[in-house]
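For reference, chains read A, B, C and D in written order, and residue numbers begin at 1 within each chain.
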Amino acid sequence: MSFLRKHITVLAGLLAYIVLYAIAAARYDGFLSLPVFVNFLSNNAVLGIVAVGMTFVILSGGIDLSVGAVMSFSSVLIGFLIMDYQWNVFAAIGASLVCGTALGAVMGAIIHKTGIKPFIVTLAGMFFVRGLAFIIHLESIAISDPKHTAIAILRLGPLPVTALLFLTFVAVAWYVAVFTPFGRNVYALGGGEEASVLMGLPVQHTRIAVYAVSGFCASFAGAALTFYLSSGSHLEGVGMELDAIATVVIGGTLLAGGVGSVFGTLIGVLMLGLILTSITTYEGMMSSGLTRVAIGALLLAFVMLQKLLTRRIAGAGRAT
Amino acid sequence: MRPKNFWPLVALAALLVFNLLFTTGFARIEFRDGRLFGTLVDIFQNGAPVMLLAVGMTLVIALGGIDLSVGSVMALSGAVAALLMTEHGLSVPMGVLAALGVALLVGAINGALVSYASIQPIIVTLVTLVMGRGLAQTLTQDQKVRFEIPAFEFIGNGTVLGLPFPVLLVAAVALGVSLLLRKTATGLYIEAMGGNPQAARLCGLRVHVIRLMAYMACALCAGSAGLIAAADIKEADVANAGLYLELDAILAVVLGGTSLSGGRANLVGSLIGATFIQTLTIMLQMRGVITEHTLIIKAIVALSVCFMQTPSFERMVRRFRPAEGT
Amino acid sequence: MSTEPLLVAQGVEKRFPGVHALAGVNFEVRAGEVHTLMGQNGAGKSTLIKILTGVYARDGGTITFEGRDFRPTSPGEAQRQGISTTYQELSLIPTLTVAENLCLGRAPRRWYGIDWRAMRRKAEEVLATFDLRIDVTQPLGTLSAAVQQLVAIARAVQTEARVIIMDEPTSSLDAHETELLLGIITRLKARGLGIVFVTHFLDQVYRVSDRITVLRNGTFVGTYEAAQLSRLELVSQMLGKVPEEVEPALREHSSTSRPAVVSAQGLERRGFQAFDLTIHEGEVVGFAGLLGSGRTEAARLLFGADHARSGTVNGSVPKSPRHAIAQGMAFLPEDRKAEGIFPDLSVRENIAIVVQRKLGFTLSRAQQDALAQEFVTKLGIKTPSIEQPIRLLSGGNQQKVILARWLAYQPRLLILDEPTRGIDVGAKGEIERLIQQLSQKGLAVLFISAALEEVLRLSHRIAVFRDRKKIQELTQTTLPEVMQVIAGEETHAP
Amino acid sequence: KQQPAESAQQPSGGTTPPAAKKLSVGFSQVGAESAWRTAETKSIRSEGEKRGVDLKFADAQGKQASQIQALTSFIAQKVDVIVLAPVVETGWEVVLTQAKEAKIPVILVDRGIKVSDESLYTTLIASDFVEEGRMAAEWLAKKTNGKANIYELQGSTGAAPAIDRKKGFEEVLQKYPDMKILKSQSADFTRAKGKEVMEAFIKSDREQIQAVYAHNDDMALGAIQALDEAGMNPGKDVTLISIDGVKGAFEAMVAGKLSATVECNPLLGPLVFDTINKVRAGESVPKFIQSKDQLFEQANAAQVISTREY
């Protein structure tokens, strides 16, 4: 099968993104510049890292509603350990990664062992983790630690550290999804759970690992958030799960599982960022209500455009 | 085999018994100013919006879909009704009809996009979630719309024969929908579609139309819930009405035993689920549990109730109580 | 020939709610033998296989593999121990490519991970042994049921297994592919593998089997040397009674003077050449052709299940299955799991749904019960109750339920795409008799089956398809003649 | 084509820009979650229009990340001044450093932030939430002679106004051993939740409820409704005090239901633009400009109500 046919949704998404970016660039001055684009990457890095983890979960046919809560929890934990207990930055991040991964793995194990639907387990997980975060520290915590600040202002060329982390995550996730047996098992699990069992694939390990990966990504996103905001924040994660799911799905990954790609998610993240930024900040004087209407409309327009392009390319591909 | 809804009922009963015994004031019911008054009434009255949402959501979920937009539809219908009645002087019945009409329209958009444009339901309804509340905010110019219209307030606060009107409304809607599901072919069609849409098409079902109707019914329920919510506090609060209630509704449906993958509708279960959630909420409020703990308790309780309905739990029960009589 | 037994099961027990699926079943496979499992639908064959391979846990009995106690907890474990299986219901991943389905869990690796190119080459090689030259990078789900079945078999065969179990591998294969498979089985046997084979086709049983074990209603009837068991004996062991003779004769060519029920003109879609077809009242028309020749496609076009680019059926463009049904057509699809059953609905609901649609909102519960009960009895559907979810029925019984669904509707034209797939000999006879009866009463039937004899036996007229094109219609023909037409100029070795 | 900033020239320090150029201001608002918030937005917007300012408004829908995005794009668009109503107190260092490097003055409204370097923002125009809590407590103590069973309706968990108003209130209660908070529950700053939580309180502790302290007016209004429905005279048998001073609260005071409200003035528009002008003219401004908070009781409610816009 041709490259074109195989990656059709991603390509269509990319094309749709370019079209919308071009429209925005024509409309707003200075939109078409490297710093603005880099801003997209770094401003959406936290969401992006969460979405990368979510991609695996959705590919496996599941869903993870706890990511936003785990992300905030981990940022609060990092802030708490650094500020209240004078932990070393790396130790604090390490601890939060362990916690996030463990939380994910526990949820995965519950899902697998009891057969309760992921939606419910992770919804309960969301409540639980949010409660836990409030118990650790009721308020958001400002982090001022020389080492932490040093990392926060790191740059590689034009790329700030959060953007760098995001791109690294995408690259690694792509590799894992395409070239490792674990990645392929995730696709298989999403394509057919019963069949995966009958084919003798390690379904249990895969499922637990998928949620652990998602927990890991979410807690890493929490760490990225502390670099981005220099604080551990309760608020940022609220509603993030829906954003993450949206980016994954508009990136062409099927919610039913089995079909999709990490690059699709990258495009989804950039797309959502483009829509939000252009509407809320470049479009200027608008009411909150109209802002929402416009965001929704653009999102829908993108999805429709992507659908249309997919059909067009598919049609053209078959004819040749 | 245990009777349907056995475990959700057990869980609800356990919660109620606990509260009747240990939560002060929970058991008290009085008759005052021509209405029943007490926590048990509050559970149903305050839970009415979520129950309505759960009824509609059951249909959509049984169909293999999901509707995240219900909370926004609540805000929208409340705002439309309040605006039309206050600023445009429409009569209460007309305002209510118009609000429900707008809700139906949103449902139709959801259904049409899911069905005819075959976009994934979660995306479609996420878009209407964002846009619906946005539209409501735009219509009201980001303001709360206050009103003093006794006939409208009746929807949220009125009583008939001592019983709160919202409770009666929920009962009527639930009865209607359950008759529709049980006594007509609708239930069969919806469940068939949820189980295997391909086969449903080959059996000659109007798959698109059925889907459209289900989303419209769900939005209609949400619209009614929105009216109750607004009437109850005498204002349309576009920013907060129905916020995050879609999650409560889905939780209620799942607690009641309907599978999120579609194929089966369990309306009674969903109502039990909604009652359970509301009872838990009120209990935590009455006992003065702090929010941090509330979240954790909710998580654990919800998981446990779901666990009670899984085969693994059934197996555990059987192990503890080795087969009698065989 | 007989050597040490590889896999031995003794007194195996399995209960499901309401069903005693296996009651003390004994079974053994030796190295270098083909051991066939026979039994009616719901006799417990698939259940036994699932217990042998760790899908279900057994409730009782012992199993040893190569002399050691064997209690696999998952199919994966059974595979690692050396038991490779194709299950009755297709158990592959439709969203992954053909190549991946073949290699999943054992993909060729290099230092950087999975070597996709090597995987593709390997897949092409393996499929070549089945005469299958397809693009292995397309998603499996886009291919026909037969190709998917072949991929599943290829997957099972290419492993380093000592026992290979195949649950009705030939049910959706054509003569040619079946030949290839039987050849492969013979070769594997010669390599000293133990092979467990399940089929409802007696010819195949006798072609390859060394021994036959018969199950009836979950009980063990006996194990026999194939050479010493006559067909009649075998069938009567399975049924528990001497079977009635199935009418063997070719059918008389009916007169086409009766009114046409369906007439299609110039039906066409991309890559499928336009064809005409008329079916009259009381007539049985058979479709013959090789795998992928387009029989299913033609039937789907007729029924409106796929969108036709041009052409008419009964004077109007076929729009949807709905319209076809309104015109009195019924369609039993070939892929039962994907397009036939509503898995969570009960047997009753699965049967009632089409009738219900015809009657709108009016069918009462009592009527549904009566309807379901009638067909459960008439078709001998084995189920603990009509309220059992259909997914818990055995494969053959599911097929009967779907057939019942359409019969209950009393259509004027019944399109049957592989209706006897996975149905036991007894029931097959019943269904054939039923088709004959109904067609005598005026029902028009379009019959598609991989078993050519069956097509010939039932049909008044046969339409032959090749390369997604209808080539010829035959009346009063013989098996060799049909085979020649199917194969085209170069005659196929039968 | 929209022209966010006609000239690429950067506004520098105290020099006034050419008269031809409109002053461009970027305003990052939290959202539109309450009447108070929308009143604030409206005030700043209408004042901006009145003065012919090119005001860019960005609604962050309650998310700090959106606010940071808004700020970075304001910086990229080279606005003259940034007005920020921060959703949280922490996490502003990086982006404010960027603003400082771009020499764009930042004016904070309605809430302070925690930064190590105070020079990152020019000034803060806000109310003092802790002080509001103190005022409410002092008034309640006076009114009840230092003896009351108090039921508290908190704002959203973790939100700064909720935390500070609770803190200020509890601080003062220390002085009055006979004033006790018996139950305290979050009601998310909304009327519907306020009513619901109050109903639960009534059902369990009906006889003990003497005073209700709500972190905002909306919740108090909900509570009043619950008390009314339960036949317990709010404003007479139960003393209610809340914070914000929205119009609805004044109506309730006139009706004798609400006992008092601490105003937290959202009409910051004129003050904000006056300050902007001062900053651009090079005048020095104090680091904290406290907007005037005032306590209103039933007695003076009727006079003030006509002047309430929100």
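In this text, a contact is a pair of C-beta atoms (placed from the backbone, for glycine too) under 8 Å apart; a residue touches a chain by one contact, two chains touch by 3 or more.
Quantities reported herein were computed from a predicted structural model and do not represent experimental measurements.
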Neighbouring chains shared between subunit B and subunit D, ordered by label: A
Furthest chain, CA centroid comparison against subunit D: C
Between subunit D and subunit A, distance of the C-alpha-averaged centres to the nearest whole Å: 33
Whole-Å gap separating subunit A and subunit B, where each centre is the average of the chain's CA atoms: 30
Interchain centroid distance [CA atoms averaged], subunit C/subunit D, Å: 71
Approximate Å spacing (C-alpha centroids) for the pair subunit A, subunit C: 44
Residue numbers of subunit B (touch at least two other chains): 137, 142, 291-292
Residue numbers of subunit A (touch at least two other chains): 134, 138, 287-289, 291-292
Every chain pair in contact, whichever chains are involved: A-B, A-C, A-D, B-C, B-D
Subunit B-touching residues of subunit D, taken from the complex the two chains share: 31-35, 38, 41, 154, 157, 182-186, 188-192, 195-197, 199-201, 203-206, 218, 221-222, 225, 229-231, 248
Partner subunit D, residues of subunit A touching it in the complex: 26-30, 35-36, 39, 43, 46-47, 134, 138-144, 149, 152-153, 228-236, 238-239, 273, 276-277, 280-282, 284-289, 291-292
For the subunit B and subunit A complex, residues of the former touching the latter: 68, 113, 117-120, 122-123, 126-131, 133-142, 238, 247, 250-251, 254, 259-261, 291-296, 298-300, 302-303, 306-307, 310-313
Residues of subunit B touching subunit C in the complex: 1, 184-186, 188-189, 191-192, 195-196, 198-206, 263-264
Sites on subunit A touched by subunit C in the complex: 1, 6, 175, 178-181, 184-185, 187-188, 190-192, 194-202, 258-259, 318
